[in-house]
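In what follows, chain A forms one complex with chain B and a second complex with chain C.
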Partner chain A sequence: MSNPIKAGLAIGIAGGIVIAFFGGLSGILVALIGGAAVGLILSSWEHFEKRDVAVRQSATAGAVAGILMVAGQFIYQFVIVPLSGKTAVSVDAVTFIVALLTFALAVALAVFIGYTSTLEQGRRRVALFGLLALFLVLYPFLDGGMSVLYKTNPSANPFVDQPFINQGLNLNWLGTMITILTFAVLALGLNIVVGYAGLLDLGYAAFFAIGAYTTGLIYSPYISSQVGADWPWLRFVWTFWLVIWIAAAVAAVFGLILGSPTIPLRGDYLAIVTLGFGEIVPIVFRNLTAITLTLPFTNICIVGCGGKPLNFTGGESGVNPIGRPWLPGVAYFQTGDYLPWYFLILAIIALTVFLINRLYQSRLGRAWTALREDELAAAAMGINTTNTKLMAFAMGATFSGFAGAFYGSYIGAIFPSVFDFTVSVIILVMVIFGGLGNMVGVIIGGMIIMMADRLLLPQIAGTLKAIVNTTIVPNIQNPATKEFVSTTVDPLQWRQLLFGLTLVVMMLVRPEGLIPSARRRAELRSEAPAGTEPLSIQEADAGSPLMSVDSDPLDAPSQ
Partner chain B sequence: MSAQTSVATAAPSRNGDVLLEAQGVTKRFGGLVAVNAVTFTVPRGAIVSVIGPNGAGKTTFFNMITGIYEPTEGDIIFNGASIAGLKPNQVTASGIGRTFQNIRLFANMTALENVLVGMHTRLRGGLVRTIFKPPSLRREEEEAREKAMVLLDYVGLGRKVAGETSRNLPYGLQRRLEIARALATEPKLLLLDEPTAGMNPQETADLTAFIRKMRSERGLTILLIEHDMKVVMGISERVSVLDHGTKIAEGTPAEVQGNQSVIEAYLGKGGAEADLERMKQEMRRK
Partner chain C sequence: MATAAVKPRSRQQPISWARIILAVVVLYAILLFGPIAGLDIPRIARDIAANPSLLVQQLIVGITNGAIIAIVALGYTLVYGIIELINFANADVFMLGGFMALSIIGNMGVTANSSAGLKIAGLVLAFVGAGLLGAVLNWTIERFAYKPLRNAPRLAPLISAIGVSFMLQNIGLIWGGLRPFFPIMGLNAASPKSMPEVLPRIPLLPASSGIEFGTKDLIVVVTALVLWVALRLFIQYTTLGKAMRATAQNRDASKIVGIHVDRVIAVTFLIGGALAGAAGCLVGFYNNTIVFTMGFTFGLRSFTAAVLGGIGNVTGAALGGVLIGVVAAFSDQYLSSRWTNAWIFTILIIILIFRPLGLLGEAAGEKA
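Let's look at the complex of A and B:
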C-alpha cells in the first residue's frame, strides 16, 4: 500500500469514528484537524523534495481521509442515530453541504501541510505555528459562532436570526478546550524535563498541585477565614496578574527542592523517585488539615493556637473559592462566559512557547540537550550537570505553576484529587504522543489526547450506553446477563486501559511521536546506534595492535 | 581568541615549567588497585604519552585527571593548583580538555552544536539575560558561532558539515569533531584518549601531523594515551609506561623502547627472547 493511501486510511478511520459518534457539524472540525494530521504524517514518511509531488500525494491522502470522514457522517445518521434511539435527523441539503465541506477541508489542510514540508526548516516551523495559532484564535467562533461574544448580554446579539453565524458548529466544547489548553501548558513544561533534558519525571502533577495550592492559599478568602483576621498580609489586595507569577516562582522553588535529591539518579531510579514525589505532594495537601505550630523548646504558639488547629488546605474538600482575574474594560471573567478565559489561556500558552523557545535556543538549552545525549561527555565539556538538571526541574515546574494558577482560578476551587497519579501520566502521554522535544508536536498531540479523553470518550460512552439500552438489553432474556451488559459497557471505566493502549501502540508504531523533533527522529530511526558505551573501570578493548603477534610495535619507529 | 593567539608563539620548553604533575596518585576500586602511586609530570608545551598494555590503568589515570574519579591517595597539580577531587566541569573550566577512547559526541546534535557545547564554560548565561536576550547576548552567540565555525575549519571538517548531525559523519571526521569540541573549551592541556583508534594508516599519519600542528600553533600541551606505537614514538617527547597500575618506565621514546621491563610488560617474560628469535627468522627469510 502506498504511503498516501496508508496515511489517509489511518487518519480517515480515526476521524470517521469520531464523526460517527458526534454527528452534527463536528465533521468540519474533525476534517480540519484530521487533514492537518494526514499532511504531517505523510510528509514525515515521504520527505518531499518536489512541490508538485508533495501536493499530489497529500491531496490523495487527504481525499482518502475525507471520504472516510464523510462515510462517518452518514454512519452517524443511518446507523448510530436509529440504534441509540435518538430522533432521526432528516437527510437534506445541509447534510450534503457539510459532507462536501468536510471532504474539501480535509484535502485542503493535507495539501497545505504537504506543501509546507517542501519549504526550508525554519519557514516550515513558522507556517505550522502560524496555522496552529490561527486555528486556536478562531476556534471559539468555529465552535460557538458569534454568540460566544454575547454570553453575558444575549439581548445585544445581532446575529440571533442567522443560525450558522450565531451558533457556528454548535459544539459547546469551549469550556473543555480551556481545560485541554491548560494541560497543553503542563505538557510544554514537562517537555523541558523529559524532552529536552531527558529526565523521566513521573510525578509532574506535584508541581501543578503546588502552583494551584499556592494560588488557592494566597488568592482566596479561605485562609483568612481559617485564621481569622490574624494575617493582615493575606487581606492585601492581591491580583491574579501577580498571583500567577508567585505561583510560578513557588513551583520553581519546589522544582529545585524536589529535584535536588534526584541529581545522582538516572533512568528508572529517577522515575521511581519522581513517582514518589508525585504521590506524596497531593497526600500532604490532603492531610494538612490540623496544624499546630509552636516555637521549638518553648510554649509560644504561632499557628493553630487555643486548641483550634489550623485547617490549612481544607483536606478533601479543598480550597474554595479562588479569586478570578480582573481586567476592567477589556474582559470580565465570569462563570459560563468562556471567551475571556479561553484567550487568557491562549496568552499563557503563547508566553510559555516564547519563554521555552528562548531557553531552548540558549546556552542552557544546549546544555540540556548535551546532558540528555551523554551526561559524562557533557560534564567533560564543562557543563555543571547538577545545576543544569536543577534548572530543568525548576523551569519545568515554573510552567506548571502558571497552569496551576490559571486552573485554580478558572475552576474557582481546588482539591487534592485533581492532582493524582493519572494526571502525571496523562501529561506524560501528551508529551510522548505529540513528539518529545517538539513544541508544536506537544501542543497538537496534547490537544488530541485530551480531546479524546475529555470529549470523545464521554461521547462514545453515552452513545454506547444508549445503543446498549435501546437495542441490545431489551433483547436479552437472562436478567443476570442483562445486568452485566448494561453495567459493563462504559468506556469511561476503560480510561486507564485506553491510555496504556495508546502508549503501547505509539511505541510500536511511531515511537518518535506524532510530530517528532529532528533529533528524536534521527535517534529512533537511525540504523547505526551512537557509539556511546558506558565507562568501564579498566580499559577493555580487545585486539589492539600491541597485542597482536605479527606486528612488532616496539620496532615501529626504526622501520 | 586572545588566548590562542597570545600563546601560539610560545616554544615548547622541555624542562623547567611543569603544567601537570601527579604526585603518588593511587586509585583503588574495592580491593583492586587500578593505579598505584603514580608520580608523573607533563612539562608545559610538551607532547607526552602514556602507554601500557590493556588494563594497565591508563584510562583510570586519565579519568582521575579529568575529575571523573577522585584519587584514593595522592594529589594532582595543574597549572599550580590542586585539581584532585574537583568535578569534571570544574577541571574543564580550569583548562583541561579531553577526547574519549570510544567517541562520545552528542550524537543527535549537529557538528556546530557539539562545538558550541564545548564553549559552555567560556560563554555567560544567566536566566534573565537568556529570556530577554539583549543585544549583548545576541552578539556573544553570533561570535561563538563564528568561532565554532573557525574551529571546525581548523580541525578539517569545514563549514559545510556544520549543520550535519554528528552521528551521520564518517568515523574519521567524528574523531576530529571531538578534538574541535575539546579545543572549544579553550584548554591549556589537551588529553587525547587513543585518538587514532580505528583509523587507517593514512588517517593516522594525518592526525599525527595535526596533533603536532595543534601544539605549535595553539600553544597546547598534549597528553596522549595511545596504543599505536608508530604514533607514540613518532610524536611524543616523553613516554610513561604503566603496567598493572604502576609506572614501570619513563623517558624519551628511545629510552623506553630499549627498557627491558617495558618489553616484558608487553610481550610477557621471555617475550624479549621470542622477539629476537622472530627477528632472526625474518632476516633468514629475506
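Let's look at the complex of A and C:
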C-alpha cells in the first residue's frame, strides 16, 4: 500500500469514528484537524522535494481521509441514530453540503500542509505555527458562531436570524477546551522536567495543587472568614494579574524545596520520591483542617486558640469561592461566558511556549540536555548538576503554578481530589504520547489525549449506553448477562485502563511519541548494531553511537 | 553514589556549632509543627503511660500486617534484584489476589457460620487460587509489557509498569462490579467489599491481659513466615534459586555459563506474583475488607519496606515489612490515621536520601 493511502486510511478511520459518534456538524471540525494530520504524517514519511508530487500525493491522502469521514457522517445518520433510539434526522440539502464541505476541507488542509513541506524550514515553521495559532484563535467562533460574543448580553446579538453564523458548528466544546488547554500548559511544564532534563517526575500534580491552593488562599475571602479577623494584607485588593505570578513563584519555590532531596537520586528512585511528594501534598491539603499551634514547653498559643482550631484548607470541600480576573472595558470574566477565559488561557499558552523556547535555547537549556544524555560527562564539562536539576524542577513547577492559578480562578473553587496520582499520570501520558522534549508534539499530543478523555469518551459512553439499552439489552434472555452487559458496557469505567494501555503501547511501539524531537528519537530508538547485544542495562542506556550522530548544533558543549 | 558520599570524619574535627544549632532548630520545628500531623510527643507519651497494653496490642497488629507487607515486598525485592525494575504492577496483582479470594469464597457459599470443613476447603482454595492468579498475571505482564523493553532505556519499562498498574487497578474496579457472576461483590463497584469472617478467632491470651491475640493473627503470621522460609530455602538450595542469584549478580556471566536468563526472569516474576496474590488473599481474610485501591496503599508500604530493608535483599524485605507494619499501626493509633500515608512516604524519602542502601542493603544501592 502506498504511503498516501496509508496515511489517509489511518486518519480517515480515526476521524470517521469520531464523526460517527458525534454527528451533527462536527465533521467540519474533524476534517480541518484530520486533514492537517494527514498532511503532517505524509510529509514526515515522504520528505517531499518536488512541489507537484507533494500536492498530488497529499491530495490523494486527503481525499481518502475525506471519503472515510463522510462515510462516518452517514454511519451516524443511518446506523447510530436508529440503533440508539434517537429521533431520526432527515437527509436534506444541509447533509450533502456538510458532506461536501467535510471532504473539501480534508483535501484542502492536506494539500496545504503538503505544500508547506516543500518550503524551507523557517518558512514552513512560520506557516505551521501560523495555521495552529489561527485555528486556536478562531476556534470559539467555529464552535459556537458569533453568539459567543454576546453571551452576557444576548439581546444585542444582531445575528439571531442566521443560524449558521450565530451558532457555528454548535458543538459547545469551548468550556472543555479551556480545561484541555490548561492541561496543555501543565504538560509543557512537565516536559521541561521529563523531556528536557530527563528526570521522571511522577508527582507533578503536587505543583499544580500548590499553585491552585496559593491562588485559593490569597485570592479568596475564605481565609479571612476562617481567621475571623480582617487581615489588611489579605483584604488588599489583589488582582488576578498579580496573583498568577505569586502562584507561579510559590510553586517554583516548592519546586526547589521538593526537588532538593531528590538531587542524589537517579532513575526509578527519583520517580518513587516524586511520587511520594505527589501523594503527600494532597494529603496535607486535605488534612490541614484543624490547626492548633502552641509553642513547645509553654502554653502560649499562636494559631487556632480558644478551642477554635484553624481550618486552613477547607479539607475535602476545599476553598470556595476564588476571585476572577478583572479587565474592565475589555472582558468580563463570568461563569458561562467562556470567550474571555479561552483567550486568557491561549495567552498563557503563548507566554509558556515563548518562555520555554527561550529557556531551552539558553545555557540552562543546553545544560538540561547535557544532563539528560550523560550526567557524569555533563559534570565533567563543568555543569553544576545540582543547580541544573533544581532549576528544572523549579521551572517545571512555575508553569504548573500558572496553570493552577488559572484553573482555580476558572473553576471558582479548589478541592484536593483534583490533584491525585491519576492527574500526574494523565499529564505524563500527554507528554509521552505527544513526544518527549518537543513542544509542538506535547501540545498536540496533550490535546488529543485530553479531547479523547473529556469529549470523545463521554460521547461514546452515552451513545453505547443508548445502543445497549435500546437494541441489545431487550434481546438478552439470561438475567445475569443482561445485568452484566448493561452495567459494564461503559467506556467511562474503562478510562484508567485506556490510559494505562496508552502508556504501555506507546512504550512498546513508539517510545519517542507522536511527534518526537530528533534527539529523543535517536535516543529511544537506540538499537545496538545487529549481533552485538548490549552488555547490561546500564550499558544499554549509557551510550549508543546513534546519540552522537545528532546534527543539532545545540549538542556542542556549552562551556 | 551513596557510598561515596559517606566520608570518614576525622576525630580532630571540631564540633560544628552550625550542625548543633540546625539540629536544635529542626527539633523545635518538629515539636512546634508536629502536632498538626498528629506528632504531638507529650500527648503520645501521656497516652502510652495511661494504657501500656494498647502499645503491645498495636505492636501485634503491626507485626501481623507487617508480615503481609513483607510478603508483597518480597515480590518487589526479587524483581528489582534481578532486572532493576520497580514492578509497579506488583501491588495491583496483590489487590487482584484479594478479589480472586473473595470471588472463590463467595461462590463457594462460605460464610462466617459455615461448617469447619467448608471453611478450610474455602480457605485453601482461595489461597491457591489467589496465588495462581497472581503468578499467571505477573508472568503475563512480564512477557508482554517488560520483556520487549529489556534493552530499552531504563525509563521505558518503568513507564510501562506504571501503565500496567493503572490497567490492573481498572480491572479491579470492573471485577468489583461483576455482581451478576459474583453476588458477594455487592451493589457498588467501587465501594470496599467485605469478606466473610472465615479465620477462627480463638483468643490465645487471657482476657485479663487486655491484649487481643488470637488464632487469626497467629495463622496470618505463621503463613507469612512459612512463605518466607520456603522462599529462602528455594533461593538458597535449588538449582533455579542459584540461577536466580547468579542472574542477579551478573546477567551476562550467567548467560555465558549456560543459565537460561529469560526463563529465570520469568520464574522470578512467577514467584513474585504468586507471593503477591497469596498476600492479597491473606489481607482479605485478616482485615475482612478489600477495595480496588488497596494496591496503591499497600504497594507504597511494601515498596517502602523493600527499600528500608535494602532492595534486593530477601531478609531485608521481611525486616522492613515488619518495621513498616509497626510504624503504620502506631501512626494509626497515636498520630492520626489520616496522616499515616504521609508519614510512610516521609520515611521512604528519608531512607532514600540518607541511606539508599537500606538497613541490610549491599552493593545494589550503588545503582540508586
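We adopt the following convention: the second predicted complex is superposed on the first by the 517 of 559 C-alpha atoms of A that agree within 3 Å, B and C clash if a C-alpha of one lies under 4 Å from a C-alpha of the other, contacts with A are read in each partner's own complex, and residues count from 1 in each chain.
By definition in this document, contacts are C-beta pairs under 8 Å (C-beta built on N, C-alpha and C of every residue); 3 or more make two chains touch, one makes a residue touch a chain.
All values derive from a computational prediction rather than experimental measurement.
Visitor: Regarding the shared-chain residue A:97, is it in contact with chain B (first), chain C (second), both, or neither?
Guide: Neither partner.
Visitor: Determine, for the superposed model, which of the two partners chain B and chain C contacts more residues of chain A.
Guide: C
Visitor: Which partner does A:499 contact after superposing on A: first (chain B), second (chain C), both, neither?
Guide: Touch partner of A:499: chain C, not chain B.
Visitor: Once the shared chain is lined up, is A:370 touching chain B (first), chain C (second), both, or neither of them?
Guide: first
Visitor: Of the two partner chains, chain B (first) and chain C (second), which one does A:200 touch, if any: first, second, both, or neither?
Guide: Second partner only.
Visitor: Counting only touches as set out at the top, which of chain B and chain C does A:487 meet: first, second, both, neither?
Guide: second
Visitor: Name the residues of chain A shared by its contacts with chain B and its contacts with chain C.
Guide: In the superposed arrangement, which is not itself an observed complex, chain A uses residues 523, 526, 528, 533, 535, 537-538, 540-541 for both chain B and chain C.
Visitor: Enumerate the contact residues on chain C facing chain A in the complex.
Guide: 1-2, 5, 28, 31-33, 35-37, 83-86, 145, 148-160, 162-171, 173-174, 177-181, 189, 251-252, 296, 300, 303, 307, 336, 338-339, 341-342, 345-346, 348-349, 352-353, 356, 367-368
Visitor: Tell me, which parts of chain A touch chain B in their complex?
Guide: Its residues touching chain B are 355, 358-359, 362-364, 366-367, 369-370, 373-374, 376-385, 391, 518-520, 522-523, 526, 528, 530-533, 535, 537-542, 544-547, 552-554, 556-557.
Visitor: Flag every residue of chain A that touches chain C in the complex, lowest number first.
Guide: Against chain C, chain A makes touches at 198, 200, 202, 261, 264-269, 271-273, 276-277, 279-280, 283-284, 286-288, 291-297, 421, 425, 428, 432, 479-484, 487-488, 493-497, 499-504, 507-508, 511, 523-524, 526-528, 533-538, 540-541.
Visitor: List the residues on chain B that touch chain A in their complex, please.
Guide: Counting only chain B, the residues touching chain A are 29, 32, 34, 53-60, 63, 66-68, 87-89, 92-93, 98, 100-109, 113, 116-118, 120-121, 123-125, 127, 130-131, 133, 165, 167-168, 181, 184-185, 197, 227-230, 233-234, 253, 257, 262-263, 266, 275, 278-279.
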